Amino acid sequence: MSAVVTPVKTSIALQTRGLSKSFGSLTVANDIALNLPVGARYALIGPNGAGKTTLINLMTGMLAPDKGQIFLGGDDVTALTPQARVKRGLARTFQINTLFAGLNALEAVTLAVAERRGIADRFWQNIAVNKEAIEEAYEILVKLKLGDACYQQTRELPYGRQRLLEIALALATKPKVLLLDEPAAGVPQDESGDIFEVVASLSDDLTLLFIEHDMHVVFRFATHIIVLVSGAVFAEGSPSEIAADQGVREVYLGARKHG
Amino acid sequence: MLPPVIGVLFDGIAYGMLLFLLSVGLSVTLGLMNFVNLAHCAFAMIGGYVTVVLMKDFGWNFFATLPVAFFAAALTSIIIERILYRRLYGASDLDQVLLTIGLAFISVSVAAWFFGTTQQPIEMPSYMRGSFVVMGLNIAVYRLFLVAVGIVVTILLIMTVEHTRFGAQVRAAVDNQRMARGLGIDVDRTFAITFALGSGLAGLGGALAIEIVGLDPQFAFTYLVYVLIIVSVGGLGSIGGSFAAACLIGISDIAGKYYVPQLGAFLIYLVMVAVLMWRPAGLFGRR
Amino acid sequence: MALQDAPMTTPQASSPQAYLQGLSRWRTIEIIFWLATLLPFWLFPNYLSLASQIAVAALFALSLDLILGYAGVVSLGHAAFFGVGAYTAGLFAKFVWGEVFTGLIVATIMAALVGYAASFIVARFRHLTLIMITLGMGLLLHEAANSAGWLTGGSDGLQGIEVWKVAGLFKFDLYGTTAYGYSLAVLFVVFLFTRRLINSPFGLALRGIRENFVRMPAIGADSRAHIRKVYTISAAMAGIAGAVIAQTTETVSLEALSFERSADVLVMLVLGGAGRLYGGLVGAAIFLVARDQFSGIAPQFWYFWIGVLLVVVVMLLPNGILGGLSKITARWSRK
């Protein structure tokens, strides 16, 4: 178990080494090594069941690996709890909406902001006292085009807006690395544009890894693609390299025929 | 001459067998569907009262009442499952707890209405009532009978689970419900049958319990605590776990009452809290 | 949950901050409610000791609402803290002195300490394991109190408690006037505190835990620390309730620690509606008034109706009476 190293100015935002996980005889992650430089726009693709979401769960700490290490900004975070990793700048969204159904959008994002600011355990003051936190939350919502719906209960928001709220919650933690798990999954065509605009407008300092099935989206946003098959990195490279890769085509298109 | 501790052990195991019968159904259904059924011992009570009525009012032989107790409890559970439980499989723990406690309250009141609040004695055939001496130990015939029933039921259960297709379906569904459904297993039907079986066994346990611990309307709650302890300690979904935990609790209880009576039930609760803290999923549980 | 569901359309709030402030303003119905609690002094002067019991039960139910209705922690052993508060206050009055406010403070601290210790265990578990552990801990404490007769008086209860006049002026008499005044005042003060907590950032975090436990770590929240904190506060509140009953009745018995008390308070809360701040208060009032009215009938029949009530509430009225009422008013205001 390596001790936490004093952060050195590093250009690698997120790195994994030898990350492995098995459930009995089922291997969901096989010696995965990733290197995400600061500001990266990486896409993670692969057939269904390849282990993409599992990889995110391993990186965020929701799942404990059998072997391997995870480095965030040069620091070994393998032993840290998920919330500790969030505090260090690693955030993720969920493929299936994991929202606070009974809170309205403003409350939800304010909660995330409050947690980040360390004021969420204050029980003696009204929440409205924390002007800056609320305003910060509101700005995030406006940026994600949710400003006019911010007083609506989450469960009453249309699906596309809920997906935007997923991203808003993650952004409220002021991440350095953001893992997006199929951000536009299930969103109808006419609404998905908003989501991609948001993704496009994300700051250049923010390192992005997104899981995506729609290859148009992947080619539009990604500078580098990682292909995951059966828990292992099958191929990686620039979009044009991957597009030309015969092996990837077989695996992906073949899987799509069955899937 | 065998030391008295062997006698305590034997009594503890006999008691444990009874507790096992009462608990195994709940453990498996909890592991299968994650449905917290606190009315489980009410089904046991039904079995007990069926035996009482058949013996007292109809003069039946004790052994003949046992299968009827089993089926009566199983049938009642099927009806309740269809009408009420089915709707709450996805509900919160609290809702399930409240609904089933409510049913338990109702059953206790109904039993008190029909049978009064005092214990129901039954007349065992004389050959069941005695005891004989083996190596200086007093072995009660009825307790030996309990141990025998317990062993037989355990063997039957293990055979069913390990060697029948139904058993395989149960094991698959306990292990991973989604995957089981994906493989085409009718999980709902598997659950309904398992639930009926488990409740039936509880009913059998209730009938057998009369001679050892007595039957009154409070039975549904008095033994619920023990059953819950055994299920939590043994691990959800584990027959072997229930068996081990039932023996552990049975022996602890009898030994406690024999050697340190002033402790009362303290020992049992302590064992439970300690085990759960060490292994939250129970000794043989999986989550 | 906010005291009333957020409106469907965007109101012309001057700012998000003002909107959030508005969610916690005092509603007229609340003011009416609290004014109504004064009515028993004039309308039901013969029932003031019952009213005092209701106030105590309401406070106890409020404490349970914090952990169950807001943080989603299901406890079947909350009477443990009620009992700790009761016995501490009783012993304090018996062996130290009978001044009520200091007794109240000491009992609160004691209950908070026990709650704090227990919170480390409670915060680690969920679902059935948690239910069983809370049940087990409650039963353990009850057994321990039963055995420690030299301290608690065992099944005979604590004898010889004598409490002084409140603030040197008001004596606890058989009419219950002082008792009700005292318990109502304590209830109100603690209620104000709770209301403030619910509308605080911490209250929002608790609702987050209840609404989506998985999402909390993903936004950087330490749910366990939050749960430990609210559990301790809730234990302290339950302890206050226990202390008040000990002081106003000058008796404490094992019943204060019993499973029956834990179960009853759960029923009261669920009846009124958990997570709605007033649910426990309404539920306690209805439950105890009903029990008083039906005190003639045998206990098993009382429990029959409680059982029916529970089944009905779960199947038809999942958010209790207040939940049902707010659904009706929501439908009405939409017309």
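Should a chain be cited, it is by its letter among A, B and C, assigned in written order, with residues numbered from 1 in that chain.
Convention: a contact is a pair of C-beta atoms (placed from the backbone, for glycine too) under 8 Å apart; a residue touches a chain by one contact, two chains touch by 3 or more.
What you see is a predicted model; the values in this text were computed from it and never measured.
**Q** Could you tell me which chain lies farthest from subunit B when each chain's centre is the average position of its Cα atoms?
**A** Most remote chain from subunit B, centroid-wise, comes out as A.
**Q** Find the two chains joined by the most C-beta pairs in contact, please.
**A** Chain pair with the maximum contact count: A-C.
**Q** Subunit B to subunit C: how many Å between their CA centres?
**A** Each chain's C-alpha centroid was found; their separation is 34 Å.
**Q** Could you work out how far the Cα centre of subunit A sits from that of subunit C, in whole Å?
**A** Taking the average C-alpha coordinate of subunit A and of subunit C, the gap between them is 41 Å.
**Q** Take the average of all CA coordinates in subunit A, do the same for subunit B, and state the distance between these two points in whole angstrom.
**A** For subunit A versus subunit B, the centre distance works out to 47 Å.
**Q** Contact residues on subunit A for subunit C in the complex?
**A** Going by the criterion above, the answer is residues 60-62, 81-83, 86-87, 91-92, 94, 98-104, 106-108, 110-112, 114-116, 119-128, 130-131, 133-135, 137-138, 148-153, 156, 169-170, 172-173.
**Q** Mind pulling up the subunit C residues that touch subunit A in the complex?
**A** Those in contact with subunit A are residues 1, 5-8, 10-11, 13, 16-21, 24, 196-197, 199-205, 207-208, 210-212, 214-222, 225-226, 229, 233.
**Q** If you look only at subunit B, which of its residues touch subunit C in the complex?
**A** Residues of subunit B touching subunit C: 30, 34, 36, 84, 87-88, 91, 93-95, 97-99, 101-110, 112-113, 117, 217, 225, 228-229, 232, 236, 262-266, 269-270, 272-273, 276-277, 280-281.
**Q** For the complex, give me every residue of subunit C touching subunit B.
**A** Those residues of subunit C that touch subunit B are 68, 74, 76, 121, 124-125, 127-129, 131-133, 135-137, 139-140, 143-144, 146-147, 263, 266, 270, 298, 300-301, 303-304, 306-311, 313-315, 318.
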